[in-house]
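Each in structure tokens, the structures are laid out below.
One chain, subunit A, links the two complexes that follow: it is found with subunit B in the first and with subunit C in the second.
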Partner chain A sequence: MPGTVVSIDTAETNSSHITSNSQILKEGTASVSITSKSSEGTQKYVILGPSELYPFSDVNDAILFQALELLTSCVSTLELTQRIDPTSDYIGFDDAMTQCRAILRDLFALRSIGDGFASLVNAIIWSLKNKDTDVLSRKQVSVVLEAIKELKRKPLMHFDTATGLIDQLEEADLTVEPCMLDGMINLA
Partner chain B sequence: MEKGAFVDTTMLVESLLKTAERRKKAKKAIQSYKKSLLPHYAIKEFKGGALRHYIWFHNKLSETGSFSRTIHAIQRNFMKPYLMGTALEALQAGTELFVGAELSHAQTKAQTDSAMADSLRLSTRRLIESGWRNRRKITTDMADPLSCFAETAPTYNEHTRLLEDNRRDCDLEPRCCLADDLRAVPDQLQALISAIEGLTSPENNRRRAALHLLKNTPRRDFNNGNCKALGDAYFALRCPSDCNILTINVKDHRPLAEALHKQVDEYKP
Partner chain C sequence: MIDIDDLEVESVAFELRYNNVYRLWDTSGTIWAEMASKHPELSVTNIQPNQQLFDTPKYQISLELGLFRVISRGSEAIDQVVTISSDIYAALDHNIRLTSFSRSGLRIMQSKTFESTSEAMTYCGSAQPVGNTSTKGLGTRVGFVSGNRYEGESSGLNATLKVEERNINLNVQWDAIPYFKPLKEKKIVVVTDTDYYTIGTIDRETLDVSTWIYQASKAIKRFWGVL
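Right after this comes the complex of A and B.
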């Protein structure tokens, strides 16, 4: 809010200032109220924590914030990837994809968030793995980016919502599951 | 006239539950026919067979939280010694995909095992739920509805983290809805009995008993178990004259179909 004076109601937050979402969490609070004074008058804002946005979730706020931070990094990395032409800068493209895979691995470690979240991250991980040494097409990068953006918007998405996004990955010719799965479940 | 496809259960499984490339290929094969029919009986077999295996696999991964313990359960109970190669391949992929280099060796092993279990569980759950949702979309039409079969969907229990699908039998009506129609063609039943004469696999023994029951004891109850035992014989009996049976399993279908002057189209995955 440029040009405004912001003060925080510390009685509600027990926090002297806000530097990041995670700091709010460390103080053990869920919501923060902010008073903004400007030439247009005084306005009060309330920043909701994940536990208020998702009141029925069992997910620990810290895990959710960690996921949101990782998803933000993943979006940035994929947006960078989108701007690189692998035919002229393969190393730049592959480096960005390597970072993306590392972030996805960390995201999968947060799979306790829910099966919707976990299944979409899992599908993207396998999509990238199954491309092996092939480069993702522009369309494929775009579909993965949209899926990650959607996950950032709805980290507690339902499994069915995730399935719809996974279907879109498949429509972009990505193989979203481990190929060895067929052999394992062939029980008869 | 170009013949249509009467899609059997192996094709349904291939189109719905296998990994992406195989599913696409199987669907394309079905779509190459101008007319394709999926009998309701194939969904009943699908639900009681392959889908049940997938649900078991999902639930075992969920229960153990361990990839290696699930593999041991499969090896022990389903006699699949070759699975170790596939399992090692999966573990190798899991180590690469899910576990960071910063972990100690002991932690890495445990983490990989748990991560692989979850990864496979999630992929399997998605195949099950998508497969079920798309079951009626792979052919141009459905055929031969079973009024006694409920066709209930598997459901995911958020508390137990298990998939539940206990209603697999025909239970909507006290009597088998197919039995009267099938009993009306005793010559065809006899032709099928003759076609499997001398074949002594458990599957053929059960099929023979079911065919005899239909042909020789018209007043006796034809139950869900008998209906299941018909298996491939159902497809030979009910395939319309303007269709061929489309299947992966030609070996079992062909003698039955030919006994009734019908044809089988083979699909190779």
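Right after this comes the complex of A and C.
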């Protein structure tokens, strides 16, 4: 949202441009902060995250906002899962994973957002499905959580970006495709 | 206080800026072919290597090395701008892989016609009536213009409210007079001109053009609602 009045005039004005910058990496929706020096003096710029680009999510029913809400729930659930030790509390861990699977199914229904979104959600669903009753390792939970966080930052991600994240899931020993696919390929 | 819903939408413009993409010189034909297949009513207005302009009676699209702009007029302008902008954005995305944008802006002009200047100025809430003589030797007050610029961390807004006298003169050649009538009209209008824009870099993987335009139009409505 616009902030304070910076000038009062009677003529049309244009916004200034970024002329030089230095970057500071930061976690969150506005992930990078850039300080630039223009003719008007030093000003601060950011790489805009979804919350800055779409500040009125409460008055818009676009599927993008449904997805962002579900992704937020998914991140919280996975963070909770990360804190549970399955060797001492298997029920709690399994309960959190069940919640996560349910959210992922709802996210899959919103796959029209983009190819990257659809392929990553699909890959995570199959990663969890293929584990069946096996417990995900701490590393696997972290990789899934990071993938979801990245999807939350970039919901309209390119297919290539999604492929990179899917590769990371595979590197963590997760199977991202239906198991029967391997069988069919072997048959052929 | 101005009720923004009381004013008619004159024009809506959406502009997306990016760093110069020189691949536009190689791919503009493909981009426009893609656009023409979706919008066969498009006609060429001006084609240059650095700028291509297409239009229809309802809207205009300008594609340049560093930006694209869609302008539409009338009550359906916002929906029209959303549709056309989403299509040109998709065509650009297929053909030129843009990774980030430096500015996204939506400008809405709305107006309301009045019988007289003083009536229009009263509507604007102007304290001094038209015809009031300046005590500083500047003559008489004949109009009203007021502007504000707001800037936050991630977005800004430029808003102008003015009373405008528009003279419309349509001259018709003598041999065309049996078919067309010349027009000479004077209109007094209150105009709001609002430009909402982003400050900062936008990642391509975060931007949904149609959602952003609706959000920006909401921001503009909210601004005038609290003025």
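Here is the rule we use: the second predicted complex is superposed on the first by the 120 of 188 C-alpha atoms of A that agree within 3 Å, B and C clash if a C-alpha of one lies under 4 Å from a C-alpha of the other, contacts with A are read in each partner's own complex, and residues count from 1 in each chain.
Keep this in mind: a residue touches a chain if its C-beta (ideal position, glycine included) is under 8 Å from a C-beta of that chain, and two chains touch if they have at least 3 such contacts.
Only a predicted model underlies this, so the values are computations on that prediction, with no experimental measurement involved.
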item	value
Partner chain(s) touched by A:177 [first = subunit B, second = subunit C, both, neither]	first
Touched partner set for A:154, first subunit B, second subunit C, both or neither	second
First, second, both or neither for A:166, with subunit B first and subunit C second	first
If touched residues of subunit A are counted for subunit B and for subunit C, the larger one	C
First, second, both or neither for A:48, with subunit B first and subunit C second	second
Partner chain in contact with A:118 - subunit B first, subunit C second, else both or neither	first
Which of subunit B and subunit C A:62 touches, first, second, both or neither	second
Partner subunit A, residues of subunit C touching it in the complex	100, 102-103, 105, 145-158, 160, 193, 196-208, 210-212, 214-215, 218-219, 222-223
Subunit A residues touching subunit B - in the complex, by the definition given at the top	101-102, 105-106, 108-109, 111, 115, 118-119, 122-123, 125-126, 129, 159-160, 162-163, 166-167, 170, 175-185, 187-188
Subunit B - residues contacting subunit A, complex	17-22, 49-50, 53-54, 56-57, 71, 74, 78, 80, 83, 86-87, 89-90, 93, 96-100, 115, 118-120, 122-127, 129-130, 156
Footprint of subunit C on subunit A - complex, ascending	1-13, 15, 17-18, 30, 32, 34, 44-50, 52-56, 59-60, 62, 64-65, 113, 116, 153-158, 161
